[in-house]
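The two complexes that follow have chain A in common; it is paired with chain B in the first and with chain C in the second.
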Partner chain A sequence: MYKGFLKNITEPSLEVLRYVILIAMLFYILTPLVWLFITTFHPRGGPYLEIPEKPTLENFLILFGIVKMRVGAAAHPVYMHKWLLNSFIIAITTMIIVVVLSAMAGYALSRLKFRGKSILMASLLIIGFMPTIAKLLPLYKLCIMLGFINNLIGVAIVVASGALPVQIWIMKGFFDHIPRDLEEQAWIFGCSKLSALFRVVMPAAGPGLMVVAFFSFLAGWGNFTVPLILIRTETLFPVSLGIASVFLHHPGEIGLAVEYGPLCALSLIYALPSIILYYLTRRYLMHIKLARIEVGV
Partner chain B sequence: MLKLIKFFSLSNIYKLLHRVLRDIKSGLIDIYLPLFLVPALTLLIVFQLIPTIWAIWYSFTDIELLGRKLFEYNFIGFENYSDLGEDPIFWKSMSVTMEYCIYSLVIRFTIGLAAAFYITSKMRIAKYIVALLLLPYTIPGTVIPYIWLSMLDTRYGTLNRLLALVGLPPQSWVYRRAMESVIMINCWAGYIMAMLILASALKSIPEEYYEVCEIYGASRLFRFLHITLPLIKYPLILCIILIFKEDIDDFTYVYMFTEGGPHYRTELLSLYAYHKAFAYYELGYGCAVGVIVAIIVFLLTLAQIKLSRIA
Partner chain C sequence: MVEIFLEKATKYFGDVRAIEDITLKIRSKELMVLLGPSGCGKTTTLRLIAGLERLTRGKIYIGDRLVDDAVKSFTPPRYRKVSMVFQSYALFPHMNVYQNIAFPAVLAKWSKSDIRKRVLELAEMFGIKELLNRKPHQLSAGQQQRVALARALVIQPEILLLDEPLANLDAKLRTAARAMIKRLHLKFGCTTVYVTHDQIEAMAVADRIAVLNEGILQQVGSPDELYTKPANTFIADFIGSPSMNIVECTFDEEKSILDFGIFHIKVPENISKALKGCSDVIFGVRPERIEISPSRIPDGVEMEVYVVEPLGDRNIVTVSKGEISFKVVTPPTFKVDIGTTVWLKFNINDIHIFDKKTGKAII
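What follows is the complex of A and B.
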């Protein structure tokens, strides 16, 4: 009876606690986003959260060079459409490379049995553990040799190599969950192995491909360090570098010369493709299947 | 010689290609399955492994970014590493990094797990919560520091306004509470990978297990400790490893936000390596710091995997 009494009290209060925690979490996460959204349409934006009396679209016009910027960064040209195009080229190329290569590698790792497979899987994770910053100069020298300076495809290849290990893990997990019987049945019905791969396995792994596409697109779309060292010409900047070149005058001193309105408009445009991609892939994101860690080290 | 020319002649290559294609068509693909690994591994070796080895080599030299020493550098053995031992800023930044990583890991992981529970629960609003919780991930990394700088502004910032509403005095976030601010920014968008992986793991747990619990009247704690936790163990460990790696590697937020500032209180190891290499031009020394970071991450990862096998 005592136990039941305790349960009667704790159950509803736990329920209330659940909603309290949820609201606190959403508050932490959404406040900056609300500020971002409101300031985009604010004629004189600032760090304060304030609903504008007369919402404008002027900030967008400033970005595309239709209206001149008022003060501060006015001297600096903004090549918004070019930056957007460059970001798209980098992101799409990264996405294609990562999806194709991780699907191939994931399938091979899932179906092959050989000695040292678990060590290979572990070293895939460990290979990226050297901090990016220490690798920067060797990477720079390597890219000069390969002619990757001022080359958007080169940037995409370097970004893709950084994103590959985790995506291979995710892809292998998806392939592991596709039963071999499915393929074998296709073989019995006269499919060659290659056509079985394309007609049976790939459609079944479709969600995995979508998930990998989502993550790798975002990796290419938002990357900052790689274009920072590889791209020199301003018209070849992706948006991430463009933002920094216009709004960041000295590192550590951001905010001193920030025009909040255009910056927020830029961020909103910048975030839009990833939101669309999320909307397209949202059904699959909750079903990520990871390869099990069977590392024998 | 003649043999070599014959081997690389166009007709021979064509013949070889033809044979490969025929074999693939006739179902001998198993022989070619290892070939599927080649492109990915090539990319990884060229752009990840070679720079890493190159950087390790630099860490044993006195190479500098400017002047004569960029080309005429000497092998100096472990001198960079013994210098590190006597460098007070290095030890300071080591403790700062540990603090940052541990707090970030705990907060990111807790929020991720909580979020995963919410979005897999049977609440009717779960569908909308996913959409809201995923939004920070779509905001690109370079924009996040700007957004938060405005949030944390001492005089006009939204956070201090909210504090004033509750009746607390305004805080000087960027200077007095630099570490807390940086952790707060890092966790804001950092929990999402953990959330997605854990939510997927939670969804894959069969419903029947919980029904059995219901029948036997098991408590929530029992249900969590003995059913949920063991079943999501592997994704959980992978999550921790990935989060830890990201925290120790990524310095965008510190770089753009405090620049290691006040009195090295947010000088993370990766930022210190960057400063040494690109601000003081001591490239070899910077690479040595990078190697130390890599060793720490490697050892901790091994320890996590080992612990998970024992448990």
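What follows is the complex of A and C.
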């Protein structure tokens, strides 16, 4: 035992080292979240980290307009619940557009042979990884023409166009792993090509659709650049733009005009979907069991 | 019920020939095996019957309906009233066993109670009643195979197509499943086309076998016919295990002998007549039809034992002399040592002679 003790001192085992690194990393990642969490439940949340003596849900109530703000406070919390709704509208619309289009395009790219397919695939990937900012000028002009200014659906369409290329690739990958036998078997049993697609291929591609839904929802939910150029009215801001605007409108007045409590509550809610969605789709994300039946073990 | 007729069926994938000029009638209620090495076109033939591929030339009839004439007329798979079991079993991964088996009946718009009754009946018959709520990936290969068969039979098909149905099973299961398929065929009486590369499996289940090689139909016949009267050297070599001994020799018309160089065999007049005009021929004899003795036989061929493989129920003895060697199947009681001298005798009724140029059987 004595020997073991000495050994522990002189040769710190890898186990210990592992924990040290892990704790350092957690500290690095979690500090802002912990800060957020503590301030959210503080009745007089400020720019300084302070553990509340009496935790309260008041900030959430202010956020949703159930409790009136105290006199003399800044005006921005009035819009916060609208920002949440706006973000949700953008995210859901983006998700629907991306899931529907990437499923169709992915299936076509996986199953059909046509001229120029490899060039199309390559350009999809290249365009997909281009930063949106690079396309900003023509995009902006186009959006004016199409009436996308101050239009949440317009924002979703633009965000979806940016997310689509990579998601099409992901969907194609899923379809590639669904054996053709499944479709052919469905045809033989009496399905038309279209009904085989909806009865067999799409359900078998379910995990892929979930993954694409996950990514595209978050793409809409978290997007900042597109609303920044398209949305002018404060009531139509999504959360990303809203939170930023609070700081942009009140430079140098930190602590006075910024209502930290409700803002932290908003931020906390804003962070939730990634956790919820991850929880819902984790089995598809963690070990994406592609729809292949392993035969013969 | 329904017969299938292929008339000069030809299929090319680009420039690659899959099958060429196959004319084959599959009789009603018959179990026809398409047999051949991999890449011989047997699966393509099956897929053509199912409607998963289109002919390049020729015609296919199912019953009296022309389903594919390579030009205009083409019936898509869903109207052909065929059922098929794929080599992969193609179970739908998002459905449980019950839903999988019910799938064809659901598409045929059966009532819920009829479907339930039928699925339970089949599940009982295939011994998969406890598995109805499982997903395909939770099943063993043998269970998956039975689910696939049950699904293929749920709406009494007239034609059943089986693509290597036993290939994914281990050896022991395979023998049992083979027997099950044969019983099923008797019970359901569908016209069945069964694709396999395994000649023993083919012999075991088939009413008739069609042997293909490199896209060409080699011979059609009952297992017995293929075994006793192979049409060419390919069939002779392919059917039977161990396969037929095949040795090149020359026929000497004057002396009426088959000359192997180091020995010769005298042939009777009727064979000699049939061989008139051929000099280069191929001699074939089944290993189980050779007489072997450790002591001298009159007119026997003297050879040396090269190797002995005791298999328990029989021994396979390989004997050789010079460049020529024969495999001989003997009872397990036949004991010889490697290197000893033995005498072989060929029964003249059991020998096969093929034309060396064409490979076709002469007698």
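Heads up, the rule we're going with is that the second predicted complex is superposed on the first by the 219 of 297 C-alpha atoms of A that agree within 3 Å, B and C clash if a C-alpha of one lies under 4 Å from a C-alpha of the other, contacts with A are read in each partner's own complex, and residues count from 1 in each chain.
One rule holds in what follows: a residue touches a chain if its C-beta (ideal position, glycine included) is under 8 Å from a C-beta of that chain, and two chains touch if they have at least 3 such contacts.
Quick caveat, the model's predicted, so the values are computed rather than measured.
Contact with both chain B and chain C is seen for A:192 once the two complexes are overlaid on the shared chain. When the two structures are aligned on the shared chain, A:203 is found in touch with chain C, with no touch to chain B. Of the two partners, chain B and chain C, it is B that touches more residues of chain A.
Of the two partner chains placed by superposition, A:24 touches none, neither chain B nor chain C. Applying the stated contact rule after C-alpha superposition, one finds that A:182 touches chain C and leaves chain B untouched. Legend: residue contacts after superposition of the two complexes on their common chain; A:57 is shown touching neither chain B nor chain C.
When the two structures are aligned on the shared chain, A:270 is found in touch with chain B, with no touch to chain C.
In the overlay built on the shared chain, the residue A:162 is in contact with chain B alone; chain C does not reach it. Of the two partner chains placed around the shared chain by superposition, chain B is the only one that A:134 touches, whereas chain C remains out of contact.
Once chain A of one complex is fitted onto chain A of the other, the partner contacts of A:119 are absent, as it touches neither chain B nor chain C.
Shared interface residues of chain A, touching chain B in one complex and chain C in the other, are 187, 192, 289, 292-293, 295, 297.
Looking at the complex, you find that chain C touches chain A at residues 50-52, 76-78, 80, 82-84, 86, 88-95, 103-104, 107-108, 136-137, 140-141, 144, 168-170. By the touch criterion given at the top, residues 24-30, 33-34, 36-37, 39-41, 43-44, 46-52, 54-55, 58-59, 65, 111, 114-115, 118-120, 129-143, 145-151, 153, 156-158, 161, 188, 196-197, 199-201, 203-204, 220, 234-235, 237-238, 241-242, 245, 248-249, 251-252, 255-261, 269-271, 273-274, 277-278, 283, 286-287, 289-291, 293-294, 297-298, 301-302, 305, 308 of chain B touch chain A in their complex.
Chain A makes touch with chain B in their complex at residues 14, 21-22, 25-26, 28-33, 35-36, 39, 46-49, 97, 100-102, 104-105, 107-109, 111-112, 122, 124-139, 141-142, 157-158, 160-162, 164-166, 168-169, 187, 192-194, 197, 218, 221-222, 224-225, 239-240, 243-244, 247-248, 251-252, 254-255, 258, 260, 263, 266-267, 270-271, 274-275, 278, 282, 285-290, 292-293, 295, 297. Residues 179, 181-182, 184-192, 200, 203-204, 206, 289, 291-297 of chain A are the ones that touch chain C when the two sit in their complex.
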